[in-house]
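Below you will find the structure I want to go over with you.
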Amino acid sequence: MDLREFREFRERMNARILEADNLEIRRFFALDGRTYEDGALDTRTKELLGLVASMVLRCDDCITYHLVRCAEEGISDEELFETFSVALVVGGSIVIPHLRRAVERLDEIRQMQAGGAG
Amino acid sequence: MDLREFREFRERMNARILEADNLEIRRFFALDGRTYEDGALDTRTKELLGLVASMVLRCDDCITYHLVRCAEEGISDEELFETFSVALVVGGSIVIPHLRRAVERLDEIRQMQAGGAG
Amino acid sequence: MDLREFREFRERMNARILEADNLEIRRFFALDGRTYEDGALDTRTKELLGLVASMVLRCDDCITYHLVRCAEEGISDEELFETFSVALVVGGSIVIPHLRRAVERLDEIRQMQAGGAG
Amino acid sequence: MDLREFREFRERMNARILEADNLEIRRFFALDGRTYEDGALDTRTKELLGLVASMVLRCDDCITYHLVRCAEEGISDEELFETFSVALVVGGSIVIPHLRRAVERLDEIRQMQAGGAG
Amino acid sequence: MDLREFREFRERMNARILEADNLEIRRFFALDGRTYEDGALDTRTKELLGLVASMVLRCDDCITYHLVRCAEEGISDEELFETFSVALVVGGSIVIPHLRRAVERLDEIRQMQAGGAG
Amino acid sequence: MDLREFREFRERMNARILEADNLEIRRFFALDGRTYEDGALDTRTKELLGLVASMVLRCDDCITYHLVRCAEEGISDEELFETFSVALVVGGSIVIPHLRRAVERLDEIRQMQAGGAG
């Protein structure tokens, strides 16, 4: 699934879920969004926190989502690889397959950013 | 992988595994089946327990299996979404990608049920 | 830590956390409480869902909390042991140490219930 | 909790659990015991498998149990530390606190073995 | 176990582990230390990454270690609570018992810092 | 993804990751490789340890990697199924979907070994 397909699926299913009449799920989704807003820590730092948490918990879709957000916040590859190194050391070699997919996704994001600038 | 393919793969590989001469694995599979039978708790409740456990442990195939069983037991969407809300609050946003796939699968199951009734 | 000490610590620290000026944490705590209220599924069933999720995720304090709530809801030992069996089969032998502590805690809860009736 | 207390608690609660009238839990306990018996792999190797699985899943009681069994099987400290190194690399730094407690427990086991020989 | 006891145990067992003749474990410990040094991301940010990873993986000792380091780096309570909120939303209510212990530990650290300044 | 595609992706992304200028990640990869070399335990045993750890942590790519290595070390199907049985009993039914994919992969590996011998 490429990045466009990932986004389309994510948006379509999020809409489907929020349509269902379940208040707790809706509140959770709203809370999830607010958590990464600027506060004592800026969004940039919070997105890195979300990324490292997603990596050690080994959730590819969560990693993709936070990588996109990190790229939007202007975080550099060098900063991202240092975040990857924390995830790898904390979470162990079991993180490596997710790291491979994360780096492939990051390259895809950078190509889209480069294309968008052309 | 659609539901039919999931089932075909599951049945084929379960058969392949049970053919192998390993008594512990066979006993585990037998025990797994018995665990959801009616007892002090009915199958319906036990399938909801299996579903929520599968969601917080983030196992898509286990979620699919229990969703199919829940639908067979006549559990409503509203009851399933409340089960999803418990999984989401207990397990956190890391459950969301599995929730999206679960809801897509549920819609597929409901379509098959509707088709079967036609 | 016996049940009284657990409760005292839980209440004291929850109060301490909610005093801190963090809106997301407060909202999460509120949402957590609401999730187990009667809906399409009754509180009884939802507490069993919370219990099995806590067991497969292997969180002793969460197990204690839901055991207390299950006992308050009048759930029987036989129903609790069937919930334990689902957790054990889904989560594997790694759940056993938590099961031992859960059963010890359940016996403590039943003694308090018996004492309270005296 | 020292090793004697651990064993006493483990045996007492296992007996309590098996007394309860739940067939699935009893079968699981029986299956758990059989899994480590000699087969194509010897008990020695299977206990090392049980140990490394317990370490990456970060279950102190399971680690203690398998360390005791490994010591009974005559597995050396050097072999155990290599097993620890696999757990550490696979599971990451999150395993370190469990490694510290495992090594403390191993030293306790070795002292008991030495004392028993006196 | 208070903070002094935690530190004493941690240092004693780390020394015991590094004395054992296992090169991979030693290299892992060295690598673990280097990962949090200043780079493209500063130590401050990396310690927050280590903290959030420890919380979602629910490792109390790792949380204590990173809280101490965060306090040494001058990170404020407000920043720490925002890190807690990310861990809570990503990891779910299963994180709450660790959050309670984290906040208790943080209060202990702040008292020691205040005492040291006296 | 068949085995050839898995290997091609793995090698290409590992090369991409090691090209990035991050010393900690490179050191982790080097350490990961060394951990399975002959020592007090032989490579054969260590690969079984890596396999069981990968199964209980439910990482399909890690399972594939260790299955290939186990096959190269001449480990028999009977030994592998006993390793699977330990993973299943320790990790629970949540391991079953990974077991199905592991056995399918093992059959693919055996076919390649048989073809390579023709």
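To keep things simple, chains are lettered A, B, C, D, E and F as they appear, and every chain counts its residues starting from 1.
Keep this in mind: contacts are C-beta pairs under 8 Å (C-beta built on N, C-alpha and C of every residue); 3 or more make two chains touch, one makes a residue touch a chain.
Quick caveat: nothing in here was measured; it's all calculated off a predicted structure.
Two copies of one chain, chain A and chain B, touch each other, and the residues they use overlap weakly: the shared fraction of interface numbers falls below half.
Between the interfaces A-F and A-D, more contacting C-beta pairs are found at A-F.
Chain C and chain D have centres, each the mean of its CA atoms, that are 27 Å apart. Spacing of chain A relative to chain E, judged by their CA centroids, is 24 angstrom.
In terms of their C-alpha centroids, the spacing between chain E and chain F amounts to 32 Å.
Residue positions 24, 28, 31-32, 35, 53-54, 56-57, 62, 78, 81-82, 85, 88-91, 93-94 of chain C are each in touch with at least two other chains. Shown here, the protein chains touch in all possible pairs. Touching chain A in their complex are the following residues of chain F: 9-10, 13-14, 16-17, 20-22, 24-25, 28-29, 32, 53-54, 57, 59-62. Taken in their complex, chain F has these residues touching chain C: 56, 88-95. Contact residues of chain C toward chain A in the complex are 23-24, 27-28, 31, 34-35. By the touch criterion given at the top, residues 31-32, 35-36, 39-41, 45-46, 48-50, 52-54, 56-57, 62, 76, 78-79, 81-83, 85-87, 89-91 of chain A touch chain E in their complex.
Residue ranges on chain B touching chain A, taken from their complex, read 58, 77-78, 81-82, 84-85, 88-89, 93-94, 96-97, 99-101, 103-104, 107.
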